[in-house]
Amino acid sequence: MTVRIAVIGAGIMGADHARIVAEDLPGATLQVVCDMDEARARAIAGRYDAEAATAPEAVIARTDVDAVIVASPDSTHAPLSLACIRAGKKVMCEKPLSQSSGECREVMQAEAASGTRQIMLGFMRRYDPAYRQMRAALTAGTIGRPLMMHNWHRNGSTPSADFTGAMAITNSAPHEFDILRYMLGCEPVSITATQPMRSDDKVAPVVMVLQTVDGQLVTVEVNNNAAYGYDVKAELVGETGTIATNHVSYTRMDKGATQSLGHDADWRDRYAEAYRQQNKAFVRWVQGGGCPELAASAWDGYAAAVIAECGVKALESGSRQDITLIPRPAFYAGATGKVA
Amino acid sequence: MTVRIAVIGAGIMGADHARIVAEDLPGATLQVVCDMDEARARAIAGRYDAEAATAPEAVIARTDVDAVIVASPDSTHAPLSLACIRAGKKVMCEKPLSQSSGECREVMQAEAASGTRQIMLGFMRRYDPAYRQMRAALTAGTIGRPLMMHNWHRNGSTPSADFTGAMAITNSAPHEFDILRYMLGCEPVSITATQPMRSDDKVAPVVMVLQTVDGQLVTVEVNNNAAYGYDVKAELVGETGTIATNHVSYTRMDKGATQSLGHDADWRDRYAEAYRQQNKAFVRWVQGGGCPELAASAWDGYAAAVIAECGVKALESGSRQDITLIPRPAFYAGATGKVA
Amino acid sequence: MTVRIAVIGAGIMGADHARIVAEDLPGATLQVVCDMDEARARAIAGRYDAEAATAPEAVIARTDVDAVIVASPDSTHAPLSLACIRAGKKVMCEKPLSQSSGECREVMQAEAASGTRQIMLGFMRRYDPAYRQMRAALTAGTIGRPLMMHNWHRNGSTPSADFTGAMAITNSAPHEFDILRYMLGCEPVSITATQPMRSDDKVAPVVMVLQTVDGQLVTVEVNNNAAYGYDVKAELVGETGTIATNHVSYTRMDKGATQSLGHDADWRDRYAEAYRQQNKAFVRWVQGGGCPELAASAWDGYAAAVIAECGVKALESGSRQDITLIPRPAFYAGATGKVA
Amino acid sequence: MTVRIAVIGAGIMGADHARIVAEDLPGATLQVVCDMDEARARAIAGRYDAEAATAPEAVIARTDVDAVIVASPDSTHAPLSLACIRAGKKVMCEKPLSQSSGECREVMQAEAASGTRQIMLGFMRRYDPAYRQMRAALTAGTIGRPLMMHNWHRNGSTPSADFTGAMAITNSAPHEFDILRYMLGCEPVSITATQPMRSDDKVAPVVMVLQTVDGQLVTVEVNNNAAYGYDVKAELVGETGTIATNHVSYTRMDKGATQSLGHDADWRDRYAEAYRQQNKAFVRWVQGGGCPELAASAWDGYAAAVIAECGVKALESGSRQDITLIPRPAFYAGATGKVA
């Protein structure tokens, strides 16, 4: 069965999903590209012989659409995921599920009420070879019990001038919140957030320190104006060794008294393979395979939202905040489990 | 149009092609897996819901087969490519086209007589990100005019005990011969080949030095028993700088007084992306796109065969051999062109 | 003039200083090695044809001793530095000057009262090529204004079983406190300290976050049981780029499916060149050159002690502590100045 | 005993030796700096409170000179070494001993006739940490029996416009010839030499392939106009693994979409530690220690000269040349011995 996919949102990320579906996903076809901006929808749809549309709920309801990828603005993620649940269609929703943990709970309740898992959340790093190797080393016991995880999230520059420290936590950091939960297999219980001062009016980095219920420490730097390029790094420190992401560059150059490696321009280059594998897993799920083991769920979206809310409070208050999650519903059992 | 592909040969490489076609090639479907060993054909075909067969020529002739991937033993590559030409079907033939340059010429003549290009040769490195970046840097003039290219081809160990130095040249080195021609955009005119002595009965490395018609020097080490892993490296030395392949490892580990990166187990890991991109290009070609710009042709297979023949003579005689190619037929104009 | 040096303390560090003086310091000679344990003093002195002694104050007073290197137990650093001041002899005192900031102030007062600078403190990292390159890049404006500094201090294992988190702050972290002050050219104003939990009874790492008076953020990990080796790293993040210490290894090895670099066994290997340059600077100073520009002073020892005291309080209380230094005495003007 | 050293030659290398003796060599003092150009001699001598002179033989004869470092033009190395032998003074002579193997034999005969070893040849790489680690790994059996050694010798640019390919072999390559003999512990028996063509009139690289009496293969690239910086690299390929020099840079920088390491400006930076250790060994020898185990002898100078002569013939004739050494005189037994 060829899965007919609708991509909702034709911005940077939606365009990339459309390309992946059209060119790199066996077993799938790009049926519709939907965007409130009709010209944008047409531009992307036209590239791949797909239909263009502007009304997302109507697209979700179409009988010739088997599954949905939501890559529209953040505030629409939850409503559109709910629409997919109502339509009984599986959805791969870009993160965040919602910036409001309350809204995430509504989505979880609706999904649970439907009786089947329908939402896969776009925390694509779980499919990245680097994080997979880290997780495998951890599980194999190669570095012993995990003690700390250090994370760096650096972008060349912020998309817009009015980007704030709170937005660094709610928009960029959720990838870090998810991967630390996934990697350590347990939940954070407290968070602090601090910012240095820049000399200009760009948003300054945010440095967070989290403690987990198992007594691990996690540091997170989100630096949205790192200037030099897109650079995401992590180091997992165990009791007997460490494993870290390595800078991947296919070539190196000797020229002008330096030896240099290139940096990725943005996340699409850095995570190209992760996006492809994630979307392949989504298609296999829609085709009837079990819910992908690596995939993030609505529960993971809820957890990331709660941590982000606490992080913003920590930044604004200047003091450590406790992180309190509702008990994980049985419906989501198995998701993000402990390292045995 | 979905391209129905027959994979001929169900050994290591054939199995990998079957997997790529079945799982990673949008627009293609794995129709038949053919191997003289029926059990082997069934094993691979069964994995992907394809048909199994044992008679390659019959498979090539089937009306429900649109295109062919040849990954059977080396000696069958030319006859099966000729069968594809007769059947009017495009073929992606694993290297070498033939170890006999004379047989390569027969294939070229048949292809030219057919009036259209039908053969793509599996020199997949042209699709590897590292070599693509090297070529791009060269074309952009970043390192100036190319002066030298150094190449290393290292395998963990030889597949069989009776592997010889001549086989290192005819079986392993053709990838090097092709990439140096492709990278430098001109033909080699002489070759020397020497071997050190091992203390055991495994085949020793072969070190070759080639000169090109444009006065460049190329060194090639083929070390089939490097023991430590699969490791292919290259450095292109220009008049103003150099560009080299960089060791790609997604993670690094600190443990036991060392910091380490992993080596690939074999070429399938190292060139996974190159194989995928090469086969995507093949499918697009079958679907009606133009002959892929990067792809190697029968002409490239002929050139590699001539160089290998001269390399074997150089090794056996202990003296430098001239390399003489027939003039490139107009039919293959455009293939492996000069850097402008 | 050949500077006759007495090394006080014949433990690991004293033995290393004795070796440097005897074998690697032109213009200096090793006159006396002093240790309360006479056998130990004799063992080291004998290696280099120096005299052995057991009474440090008598050694300091000797007329055939021109200058002193103090490498005895921490609690003796301040008293012996005071003895050197009284004897009018310059002293290169291993860090810490004292773990008590009050005692550091007494030393400063005595030194100021003497009218001349006599103490050089063994924060040898200031002489390390890596930190010197970082500082040079900062001063040259290559990475813009500094925003953050990340520091890692990892030892293979703790010397003794009763090493505590507080000791990680008072014994290991002062090197970090000094280098951050030196690098950023300003003082920290607050500190937090947290520890993850280990599964065994070894001391767990301590993670500290400091803010400077200029609004920079500094993270410090002290991991005394890192297991894999001695590893000190730092990254300085500026507004337009970053500069970090690079892993220095003269060779790399390909073997057993990995490519590996070696880790240093301990700080003597890692900082061999820094110690040599530091001690050379000390000798030049004793010979009449001006007080070495890079060298740490008693003031720097005081500052490190205050920060460590606040760090311990932060760790024990679980809350952020303000760091308050006395105003820098004019006597120490020029030491650890601002980046212009 | 303080060794009073005369440095003969006040060019780039002589100035560097004068600095090392004056500032970095305990147990030695810089007595005289001698150069035919009096102003140059005065300039260097003045820096370190040494005497200036212009007549080398007179300097060698002085009673207040205990030992000599020869760093004058190549053609004077042998005559001045002979003068040192006559004066009964030990000499550390910069390479080459002579570009004429015949003249090297005269020096060997004179040294043997004197009854004691008096010449240490400035093949300083033997004291470099990278080559020492390579040799140690080899001796320890870590990579198995050596099969091949690859060597690269790259300079930013040639000192003068009339530098030729033959000079690349006689002036630059001797360091490679010595280190391969030292590393492999046996002698080369044949050599080929080839050059690519440059598009300008600068000297092109020379690529040499040598075979040793034990059946090993060695490649050497000498690229005197590599443009990007000074870069000397080597890889030793054993039967079970490889060990290679690693690019040493104390820091790395992320800026402008690249991550970069610095290249050394020239050999003085790259080999600073090797020169210092070599000269320390020389002083210890003069002080009465045994002839330094690592040091190169006149015999090694002779061997390098023969190989260079054969290399030039190979380049000029375009054909492989046999390398024939006289039997090693018993006087030089022990020098450059076999790996046990």
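In order of appearance the chains are A, B, C and D, and numbering begins at 1 in each one.
Heads up, the rule we're going with is that a contact is a pair of C-beta atoms (placed from the backbone, for glycine too) under 8 Å apart; a residue touches a chain by one contact, two chains touch by 3 or more.
From a predicted model like this one, the values you see are computed outputs, not experimental measurements.
Asker: More C-beta contacts across A-B or across A-D?
Answerer: A-B
Asker: Measuring centre to centre with C-alpha atoms, which chain is farthest from chain C?
Answerer: B
Asker: Could you put a whole-Å number on the gap between the CA centroids of chain B and chain D?
Answerer: Once rounded, the distance between the two centres reads 43 Å.
Asker: For chain A and chain B, let me know how many angstrom lie between their CA-based centres, rounded off.
Answerer: Computed from C-alpha means, the inter-chain centre distance equals 38 Å.
Asker: Using the average of all C-alpha atoms in each chain as its centre, how far is it in Å between chain A and chain D?
Answerer: 57
Asker: When you check chain A against every other chain, which residues touch at least two of them?
Answerer: Residues 226-228, 240-242, 249, 254-256, 261 of chain A touch two or more partner chains.
Asker: Going by the contact rule at the top, pick out the chain C residues touching chain A in the complex.
Answerer: Within the complex, chain C touches chain A at residues 144-145, 147-148, 150, 192, 194-200, 204-205, 207, 209, 211, 214-217, 219, 221, 223, 225-228, 237, 239-242.
Asker: For chain D, which residues are in contact with chain A within the complex?
Answerer: Where chain D meets chain A, its residues are 226-229, 231, 247, 249, 254-263, 265.
Asker: Please give the residue numbers of chain D that touch chain C in the complex, ascending.
Answerer: Residues in contact with chain C: 22-28, 128-130, 133-134, 137, 142-143, 240-246, 248-256, 261, 280.
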